[in-house]
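Got some structures for you, see below.
Consider the two complexes below, in which subunit A is the common component and subunit B and subunit C are the respective partners.
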Partner chain A sequence: MKRRSKFQIPPGEAVGIVAAQSIGEPGTQMTMRTFHYAGVAEHVPTGLPRLIEIVDVRKEPKKPTITIRLKKEYAKKREIAEKVAYEIESIFVKDVAKIIEDVEKGIVVVRFDKIAGEQLGITKEMLLKSIKKGKRKIQEKGEDIIIAVDEDKGKKDEKGEKPKLFSKAKKVRKLFEKISNTLIKGIKGISKAVILEEEGEFIIRAKGSNIRDVIKNKYVDPSRIYTNNIKEIEAIYGIEAARNAIVKEVKDVLDMQGLTVNIRHIMLLADVMCSEGIILKVGRHGLAGRKRSVLARAAFEETIQHLTRAPVIGEEDPLIGTTENIIAGKTVPVGTGRVLLEFTPPKTKEKTERKKRK
Partner chain B sequence: MKEEIDVLNYFLNPKMEVMKKQEVEKLLKEYGIEKNQLPKVLESDPVVKALKAKKGDVIKIHRKDPTGEYFYYRVVV
Partner chain C sequence: MEDRTIVYLDGKLIGFHKDGKALAQRIREKRRINEIPYEINVYYKEKTNELFINTSRGRARRPYIVVENGKSRLTPEIYEKLRKGKLRWSHLIKMGVIEYLDAEEEENIYVAKSEEELTEEHTHLEIDPSTIFGIVAGVLPYPEYNSSPRITMASSMAKQSLGLYASNFNMRYDTRAYVMYYPQRPAVETDVYKTLELWKRPAGQNFVVAVMSYKGWNMSDAVVINKGAIDRGLGRVMMLRTYETEEVKYPGGQKDIIELPNPSVQGYRGEEAYRNLDEDGVVIPESEVKEHDVLIGKTSPPRFLDEVSIFGAIEEKKRESSVVVKGGEKGKVDSVVLCEAPSGNRLIKVRLRLQKIPEIGDKFASRHGQKGVIGLIVPQEDMPFTKDGIVPDLILNPHAIPSRMTAGHLLEMLGGKASCLEGKIMDGTAFSGNVEEDYKKILESYGFEEYGEEELYDGITGKKIKVKIYVGVIYYQRLHHLVSNKIHARSRGPVQLLTAQPTEGRAREGGLRFGEMERDTLIGFGVSMIIKDRLLDQSDKSSQLVCKDCGSIAYKDHIKNQVSCPVCKSTNIVEIEISYAFKLLLDEIKAMGIFPRLIVDKKVNMEW
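On to the complex of A and B.
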């Protein structure tokens, strides 16, 4: 019992500062280089860039990666993992066909590439079907699929002052772009799916992140899917899951660099970032900007803005926090200095009676 | 077609429940704090919707961290 209490944190300890230093110091030792790690489809930023990404709460990480686990009953079957990987991987027309644009004739020619198609498991019928979805006039000529730009729309354009050739070229260009980026199969944003084996289970890791669509696949276990896009987890599974995701991501970054930071520091960071119900950035637009005290905010960044704004809107500073009290030259409410603030003598009957007697 | 996602069984989400009024009062008294001093969770949060919690409810979270099991509380705002 004695040993245990020795390791407990006393009330009033400045845990935030300790946590900040404990994460910050190893951060200075982190390599700026990003590593490739074996078996992963794409190399994901690690080290300092990734850490900054996490605490800045970017809407989308530089390299979003999704980890898909299958439902328990399918988890050990390689065929099913392969099937799922094939189903989710997105393939565009430009991946399996050669596309040629002919401005003079106003057509776009799509030439199916048999070798590429075979490798990716795409047939010419699938290609045709996805092009037809756009409701365009299609002509087949041997190996070629010819798509013409809409002439009707062209006539309407002529009423304007645009030269004819220019608008036609533009349209061909537009059509070309549209056709090359037409999805043949798969889920939007997901590519380069790779099957890995982990603890006897087959898992799929892929580039891109789109939980909402991936879990529609009947083999995918929606309760064990994971992405490194913390914002996406927050939106779909809530703030508590996002908090755990932050802990996991930060820990992974530090582990990969061979740095050991007590997990309590990381947990504290994640808790603070998620305490307002949404993930707050660490910095002036997030956490620090939400401080109640004017002086504390002014001490951090954008001093003049805060100090000039305060009297205009009539802000009050109750001098509760640490920073304000350092500025004011009072006892800082940390450690034993905190006792003064915590102890507000309760108004008991005795006291009021004593006052009356005096 | 809106498929419901089973949010509560997600592997990163710990067990959560809505607290009863008396429990909340006891909790606030124990720590000597007001309700608005608790960490917050938005009303639009998927978990809050799944639990059918309302504004002002307190959610008790049975967290299991590497450091041990403990309770965490969040007030719905």
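On to the complex of A and C.
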């Protein structure tokens, strides 16, 4: 009990500022260190870039990764993990075939690459099937699959001019892009699945993130799946899950650098970010932009916009926050400034008794 | 096509050649026999099979001796002719003995450091190995004994040293200049130093240095200095500062007048301030002046025309605009110049001479990146001394040496000591200067410890110090960071006109900014009253009248002796305490066309 009360925060403590400073100070050290990790290019961003990513709530992190755990009953079977990994890993036409574009004839030729196909477990039939899905006219000519661009046979446009050649080239290019990026199998966005062993359990870690489709797999445990895409967690699992994800992600970044920040500071950050039911960015477009006081908002960023908008809606500033009060030259309602009335409570029975016992 | 060399001239492709390497060699040969100008450089890039010929300007180039078949083209015969003055540098270039190479062509060559190590493979010979350093680093003694960061630091600090910056300093009127009283020629010099004849404009003095601790007063790169040495002129510098003013002519026939201002002039500084002025309104040379004393008395016409009465009573409303000595400065008037500005106006320059005697906090440095500030000035009696009665000028902390690896500093100390005994200037040129052995012999022959150690006696107790102390003579520079030019404090003082907040900067006697992050720390600590004290009470606190009815800033009419609101004419007005900057903010918002209202609820007593 004594220990607990010692760690209680007294009323009026400026927890926000303390949290900001506690995260910010090690953050400055991070800037110096992260940029010295030269050479390691293909890496999930850590350190400051990742921290900025989290705090800015990017729609998708630079390197989204997904960690998939299987349902308890399958978790210890390697074959199943391999099977799942194979099923989710996405393979595109461009991975198993050579694609040639012919502008003159207005066709795109797809040539199946047997060696690549074998390695990735793709047959020509699968390739054909996926291309056919697009309901395109397909001609097979030996090894080649020929797809033609549908021509608008001399159809005249509004100005009465015939379509130019470059429009045809454009179409071919478009088709080429479309075919190269046609999915043969797997889940959209997921690639490079790797199986890892962790505490006797086989888990799959993959590049890209697409929880919505991955949990459709019958072996995957939807309650133990994880991604570093916080926005996605919020969309599927809700705000509380997102809040926990923010805490975890921030803590991971700091731990990796060997920095110790009390978790409560990070939790406060996550709580504030999620306090409105959706994740808010820290900054002009998020948290700071939602401050109650005009003066506080104007002092932060976009001064003129805030000041000109205020009279339009007839804003009133009751001077509750910190910034406003400093501007107006009042004491800040924080710490000693919060105390308006001093009152010494009469000694309660309980307390006196406890004293006696001592 | 692929086995052909691509040839570029000044970056432009001009053609192909079947053997680029041979072509480069031919161009070089032609250049050496003067068929091609010596400014041309060729570079053959083996990796990509490309040949670059450069003729453009702006390439940094440096000379090398050409080597052929492992033999220097600078033969003893040529060298002899050179010594006798029959040949000159330009002849050597024409003869192909020496050639200039640019950064690119350097990639194709193999340079020998000295003639002894020449082999068949070498293509060039360094004229002298110490020329690999630039002008500034070339002046430093024994750079090969020091770690490279220290050389860099020494190079940049040498530029901050005070000495004899120009021999005609007496005729110059630089806004700020420093001249050392007794500059000395260093006891250990380099070839570059001699070539540049820098001893004609030295920037430092040879200090007797003891490497020991002095009661902790020289910890963390501080140094202890001998008071007696300072009194004898060690490190003494004079600062010359020029003040100037021009008699400007204004449109409308008015102009400034340089004169002894009349007491009726607006902004008169009091008789005391003008006491050094001559009849013509300019100070008398060699008079002693201190801060805020007038150097040039000047009066200007009023700033606004409407101040002048219609009856032409201009004289009475003149403004005082004299030139005064800057805050914190004290010295003598060195000289006065009366001349004409390019604009044709009368121009007056007054040069002030200020003595800058070394004081605690002034910065000194040797030529090995070993800088330090004075931590204590000790009377000569209290300094340690040797059995011969030698008292060090400066005591350096031994901790300054090992981690920085400036062995050159120690060697220069030894060299300087030997130099003083022998009466000869020693050579500290990189790679070829005198070595430790040379100094040992000299020291020994004069009865000194060969490693430069001395038995010292404590100046205070008179007892012998138990260990031997390394004592030597080394060239020290006084660097241009003087405490007297930086010292600054403020309790109350001038405020800015617009915001009523304290001014910024030493020149304006300003305060130190209590910034946003400092504010955050106080919020984090929860001390609201201190925040208010810093940001309001000690800054731009002001009392304003506010209309209770409409919320605008009201005013007091002193003639009618009543308060009223300029917007709604109400007299229901209260007084509030806000920062002047906030009032200014409200005014600026009003200027944007927005009407901010201050809603005053009740009078809160903020006094606790």
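One rule holds in what follows: the second predicted complex is superposed on the first by the 305 of 358 C-alpha atoms of A that agree within 3 Å, B and C clash if a C-alpha of one lies under 4 Å from a C-alpha of the other, contacts with A are read in each partner's own complex, and residues count from 1 in each chain.
Here is the rule we go by: a residue touches a chain if its C-beta (ideal position, glycine included) is under 8 Å from a C-beta of that chain, and two chains touch if they have at least 3 such contacts.
Predicted model only: the values in this text are computed from it and were never measured.
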First, second, both or neither for A:Thr46, with subunit B first and subunit C second: neither
First (subunit B), second (subunit C), both or neither touched by A:Glu13: second
Touching partner for A:Arg264 - first (subunit B), second (subunit C), both, neither: first
Partner chain(s) touched by A:Asn228 [first = subunit B, second = subunit C, both, neither]: neither
Contacts of A:Glu240 with subunit B and subunit C, given as first, second, both or neither: first
Touching both subunit B and subunit C, residues of subunit A: none
Subunit A contact footprint on subunit C (complex, rising order): 519-521, 523-529, 531-532, 535-536, 541, 577-579, 582, 585, 589, 592, 594-595, 599, 606
For the subunit B and subunit A complex, residues of the former touching the latter: 3, 5-7, 9-14, 16, 39-42, 45-48, 61, 65-67, 74, 77
Residue ranges of subunit A touching subunit C (in the complex, touch as defined): 12-14, 17-18, 20-21, 304, 307-308, 310-311, 316, 322, 326-338
Subunit A residues touching subunit B - in the complex, by the definition given at the top: 215-216, 222-224, 226, 233, 235-241, 244-245, 247-248, 263-264, 267, 271, 274-278
